[in-house]
Amino acid sequence: MTVSREVVLEGHIIDSGMMESSFGTIMDLGGSFTVEEFDIGRRKDEESYARLLVEAEDEAALQSILHELHQHGANPADPKDAKLQPAPADQVVPKGFYSTTNHPTYIRYDDEWLEVEHMEMDCAVVVEDGAEQRSADRSSGQGPRDDGAEPRAYTKVLNAVEEGDRIVTGETGIRVDPPSRPRDSGGAFGFMQGGVSAERPSESTIQKIAGAIEETKRDGGKVLAVCGPALIHSGAREDMAHLVREGYVDMLSAGNGFAVHDIERDLYGTSLGVDTETLDHARHGHKHHIYAISEVIREGSIEAAVESGTIESGVMYECIENDRPFVLAGSIRDDGPLPDTITDAVEAQNAIREQAHEADMVLMLSTLLHSVAVGNCLPSTTRVVCVDINPSTVTQLLDRGSAQAVGMVTDIGTFVPMLAEQLDGE
Amino acid sequence: MTVSREVVLEGHIIDSGMMESSFGTIMDLGGSFTVEEFDIGRRKDEESYARLLVEAEDEAALQSILHELHQHGANPADPKDAKLQPAPADQVVPKGFYSTTNHPTYIRYDDEWLEVEHMEMDCAVVVEDGAEQRSADRSSGQGPRDDGAEPRAYTKVLNAVEEGDRIVTGETGIRVDPPSRPRDSGGAFGFMQGGVSAERPSESTIQKIAGAIEETKRDGGKVLAVCGPALIHSGAREDMAHLVREGYVDMLSAGNGFAVHDIERDLYGTSLGVDTETLDHARHGHKHHIYAISEVIREGSIEAAVESGTIESGVMYECIENDRPFVLAGSIRDDGPLPDTITDAVEAQNAIREQAHEADMVLMLSTLLHSVAVGNCLPSTTRVVCVDINPSTVTQLLDRGSAQAVGMVTDIGTFVPMLAEQLDGE
Amino acid sequence: MTVSREVVLEGHIIDSGMMESSFGTIMDLGGSFTVEEFDIGRRKDEESYARLLVEAEDEAALQSILHELHQHGANPADPKDAKLQPAPADQVVPKGFYSTTNHPTYIRYDDEWLEVEHMEMDCAVVVEDGAEQRSADRSSGQGPRDDGAEPRAYTKVLNAVEEGDRIVTGETGIRVDPPSRPRDSGGAFGFMQGGVSAERPSESTIQKIAGAIEETKRDGGKVLAVCGPALIHSGAREDMAHLVREGYVDMLSAGNGFAVHDIERDLYGTSLGVDTETLDHARHGHKHHIYAISEVIREGSIEAAVESGTIESGVMYECIENDRPFVLAGSIRDDGPLPDTITDAVEAQNAIREQAHEADMVLMLSTLLHSVAVGNCLPSTTRVVCVDINPSTVTQLLDRGSAQAVGMVTDIGTFVPMLAEQLDGE
Amino acid sequence: MTVSREVVLEGHIIDSGMMESSFGTIMDLGGSFTVEEFDIGRRKDEESYARLLVEAEDEAALQSILHELHQHGANPADPKDAKLQPAPADQVVPKGFYSTTNHPTYIRYDDEWLEVEHMEMDCAVVVEDGAEQRSADRSSGQGPRDDGAEPRAYTKVLNAVEEGDRIVTGETGIRVDPPSRPRDSGGAFGFMQGGVSAERPSESTIQKIAGAIEETKRDGGKVLAVCGPALIHSGAREDMAHLVREGYVDMLSAGNGFAVHDIERDLYGTSLGVDTETLDHARHGHKHHIYAISEVIREGSIEAAVESGTIESGVMYECIENDRPFVLAGSIRDDGPLPDTITDAVEAQNAIREQAHEADMVLMLSTLLHSVAVGNCLPSTTRVVCVDINPSTVTQLLDRGSAQAVGMVTDIGTFVPMLAEQLDGE
């Protein structure tokens, strides 16, 4: 005796691969299906609609199929409310909690779809009705905006979960909308398809990235740059400072080392002891980064060192001078660290998360650690550009289900100058 | 005024992504379509069938869409005969010649579908009727088998094209069947999905590869090993020799360097001057490979050196002793070369092509150059395993549209011993 | 008018390259020299002695030469006491402070040479006489051992410097002994020379590494393993657990992710959702690591989860069961984290530092971040083995002036099983 | 009873590491030594002189030491004539033949030192007296110049050895001069030391390379560019064509694929089907390279296609138009090939060898195969610049004992445009 359920696919179900993966999943798991309705979008801006009757041998098999279909964005035709369970303790999720993807997600609550706020993956979803809201407002930065007594759903990372939070469990009443891949070559991000390779036209790709930055700025969007110290070592500091000054970059996310070498270059003309113009190894140069940290500690902070005139140039200088907020996250390989560096990983993650949620476009520039940290907090709808000379790094960063991500395997020391030239030339 | 044409998708159109890409293509190119018939395979061994009516603004747009659809395996519902044009000169193709994929392909000729023999990509397709056949039989190894006076279609690489060959042009009357991805986890090759990464379970993957080799042998298939010199340097020579001796490897494709270092190890105990057991650098070791070549030249050939007792062990020795045919292809970085090395690139390609067409499974072991050369000659239906420590190499080798290819980023010096242990243990 | 100074080179001045670099340095900086005495060790266990008279145009040039010579281990023939200056504030070094190398170092104080304790690079050197000692004992873990009222010298990282610490400045009265490269092929670490390459004999190298571990254990030494999560993903977890259980590994340094995936495998049979034996992607597998963290939080700690029987196997389990101390250092890309993870970078560094100073041999296994953090704290005399599939990682880890470091470019998923087999077989 | 021999070290014995390695070698091999005379160059342009008395237990041990010392450039104080033996057959060397390094080498013949012509490594050395010369002149391009009846010594690769050639064997009467590393930062090639890394200042390094090219041209030298197809794919074709046209590049060495894609871009606007400006994948683009080959075959040669106006731009076009000689070497992965491609590996090597011997500076641009082939033929005194995005490739190319080689890990698609800009701007 078979059991069945109606399932609906909506949106760009062809482009997103949703239909292919749904059909495949049903068959892989031993089920079968009939396409009851199929209305395909015939132009690229039209959405499609398909209604399938999914059949399986027993309820367990059906549930297993429905679970997988859900991952691909196929949802039951007759939505019921999501199940909510209280968190048993701080930082502990109820069994069977729903772990998020990074795609736009909706929770069925009181027969309405609530869009989940602050989408990011590997989170729990907390649902509040209006009454709860006042108390929640007092909690972490992850919390709700003050928008009246309406029920709300939002993500919480594990360590922010508090005892009693009403957490979505199971898979009923949850809708996921995987974004379709941009197909129109007219859009700023339609230019790059296929795998990661160093054998792509470099100058033309940089031109397209410049175009996407300009489009983002024109639309009032914010650009977040995530920078590794290789950017400084490879001599791209002055051009990066230029991008910050001119407002092509609105926010900066980096580690202690990036800021240290940026400041070392200002104070001593070197990056890790090497003069990035003459390529000379400075005498005593191996001490410069320790000195640089010591000087900033003496001043109290980077801002204080800029204001006192100790630091007179560079990326950090331009951030201070032009009010571009920055997050410096600490790590166990840091020297110092600088007083501005957030040494606690959880605290640093929270600061990164806030930046990530504000960003409309993210440039990940030759740092794996910080790019992964930022990427973890991004919804799949944010535009991402990954630049690294190591193809494995680019592959790893792109491999997060984002439809808006492009990668470029190139030298950061030539990329940033060329990008700056493109942005200035237009 | 729009024009339209019926197009048919047949086979594993969901699994192969054919449907998704066909729908996307039509819309990308400004066309529209109606699904006139849609009969989906409900179990994984069932084929599907879809008939679409494709519409476009004018004939040019329609042709452009049909061209792209064809690439994805969608074919006109009312097939006409393929167009044939004579090659204007040796090695010169007619304008608009049809350049092959590596997928199974059929040519419409006299209202019948001829399966194209010797499928490989970037080739021209030559069609012969029975009358022509006798003369063609006298030509290159690429030529036809003696199977009566039936018309035939087969591939020819550019440099084998002869003046007057009847070559398929345009896209009418050509059907391509892209293989579906293996979905059943039961099959020997169903084990690996997703991108290329070093962070996969190594021992278990090697076990699966051993299983696939055994399955191939059980089915009476032939295994071709493509080997780079790193295999010898990294100390895997003895285990590779074992695989040849025991018949897990039926044919060998390599370069001059592979054979030289294999023989160097036999004659002098070193590979590029390093003792692969003690790790010592032998005194005078840098001369050993030149000596080894010189010794083989003195004997006349590897076979002669084995027969005279000069060479007493190793991969080449086992090939000779156990009648495993090998191809040694020359390159511009060779020392020597050995008398067995085919120095002419075209001649070497022909020898490689013959091996490739005989193989049912190919192991590509830490050589990019030779693996690409072999891969160029393989139809997409041959099983391929690529092993290299450089992820870019594995990615590049897998990126050829084969549904039967798996890659593993690992150390050839540990891979071969573990594979040999797996194969022996079972 | 030239100025001159006598300089002495002592020890393995040929093997260490000290002589070559000293001669070169003098000439590069425009000086000249006469070899006044030259007594060369004629056997590999004999030390050499050379006394040079270095001449330069003026005092500034001479000081510059002496500074560089000092870096290479050449010291003034007539040592004077080191200069000490009080730290002006917490975490602030006096101008011109001496920044350490990772080589054994001696400070001239009251006409005696004090060996600097806790050698590690990029530190300040603090000198105490007996009187100060009592108060210092109350300070950080970096502080002095209680060994009487003798004067002492020891390193302090920048953030441990306290106002008033007497810090070595300038270069007078400091002696550095760079270790000689091991040249005798008999020693366990004499086996590997030359650059980093994947084309080395893998099995033989693993055998040598096993020999070095056994030698270290026989000598009563301690082995520290620094492990990345790739070790778990690649299926080497069971063999690593074995090495911990059998006492080949005495201490563990890792990140949150390593412990999470180790525990995930115990609780759910997967690592990042993949069954490392069958290679299957578990249904719901992407939640497993979050569940694993949540379970440990519920229990309170890994130890509590082992004791309650929740965790029953794996690397962390064996650490708990066999009293092998571990440090889990947090990072900004962590999920959770586990309650055992030290989230503050400075605190984590201190814990890492303590382990590093206790270790006689360090295995760095496929983690760049944690290996750099540990490597930063190691003196150049500790044996180090770096294993990674990325040659750049191995190069970067070896490039720290250690004479006792060997690197291997291989797959951690085959390396650990083969190492365990070697260690058991002997 | 010990035996002894006097050995002389001359030249830049400190800079070149000759002294260090000589001392180490003697001790490693169980010998001992006394420094009988030691006259050190005190300025960087002064040569040094050392005379050692080397002692060993018996003659065999002494010979072994002398062999190794010889490799490092230490030579017997009392030179005897080199031993010559006739080659027993074509392509067969006498036992114990002397295999060359790539350093300047001298052969003792009739009590005179003959400088070995056409230095390249892994070759035999043939000595001719005047009488032999006439016949030899008729042999291969590798042969002697017509410079009278003086005795001569020159290299021969194994496959050029002819029966009866008088070949140097043993190690008596051979002197090798390893070049010293350039230490003066004033020279164009003094700028780069240390290992291979992507984290170097990119723009400044390119500026230095431009300076070295200009210096080479000013000195009347010839620049050979070795180019891989990635150069075309990455969009650097126009700038490379510019360098050829303007005479910064005098000769070109490449493979079939480089020329094919260069011509494809001219004929169809694409490289491997991708428009390098718009990044669009051209419809039918996968056929373009086959068409391009077919077109050139139809014309007869690249030169004919340029003259007929079929090819109107690009790197090959500029080579033809400006009389820059090029070598296109075939390989087993080639499509086609073009009529200009030398398909025989030995023949191609000979053509490459001739170019290599004429070059004063070699740019190796993103091709491992061709760069190794050219590098094999270069003496260690030729300036080499290696550019590749893969650090392993750069390391492998630099690892050939050349003192004049610099490497840069960067993107060829940004490198060439920036280099062209630097060269034009000055």
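Per-chain residue numbering starts at 1, and chain names A, B, C and D are given in the order in which the chains are listed.
Keep this in mind: a residue touches a chain if its C-beta (ideal position, glycine included) is under 8 Å from a C-beta of that chain, and two chains touch if they have at least 3 such contacts.
The model shown is predicted, which means the values in this text are computed figures rather than measured ones.
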item: Farthest chain relative to chain B (centres taken as mean CA coordinates); value: C
item: Of B-D and C-D, pair with higher C-beta contact tally; value: B-D
item: Separation of mean Cα positions, chain D and chain B [Å, integer]; value: 34
item: Distance between the centres, which are taken as Cα means, of chain C and chain B, whole angstrom; value: 47
item: Gap in Å, rounded to a whole number, between the CA centres of chain D and chain C; value: 39
item: Residues of chain C touching at least two other chains; value: 390, 392
item: Contacting residues of chain A [partner chain B, same complex]; value: 14-15, 17, 19-20, 23-24, 27-28, 32-33, 35, 38, 40-44, 183-184, 195-196, 391-392, 395, 399
item: Residues of chain B defined as touching chain D within the complex; value: 64, 67-68, 88-89, 91-93, 97, 99, 122, 157-159, 283-284, 286-287, 290-291, 293-294, 297-298, 329-337, 343-346, 348-349, 352, 369-370, 372-373, 376, 390, 392
item: Touching residues on chain B, where the partner in the complex is chain C; value: 185, 191-193, 198-206, 208, 229-230, 233-236, 271, 274, 276-281, 389-390, 409-415, 417-418
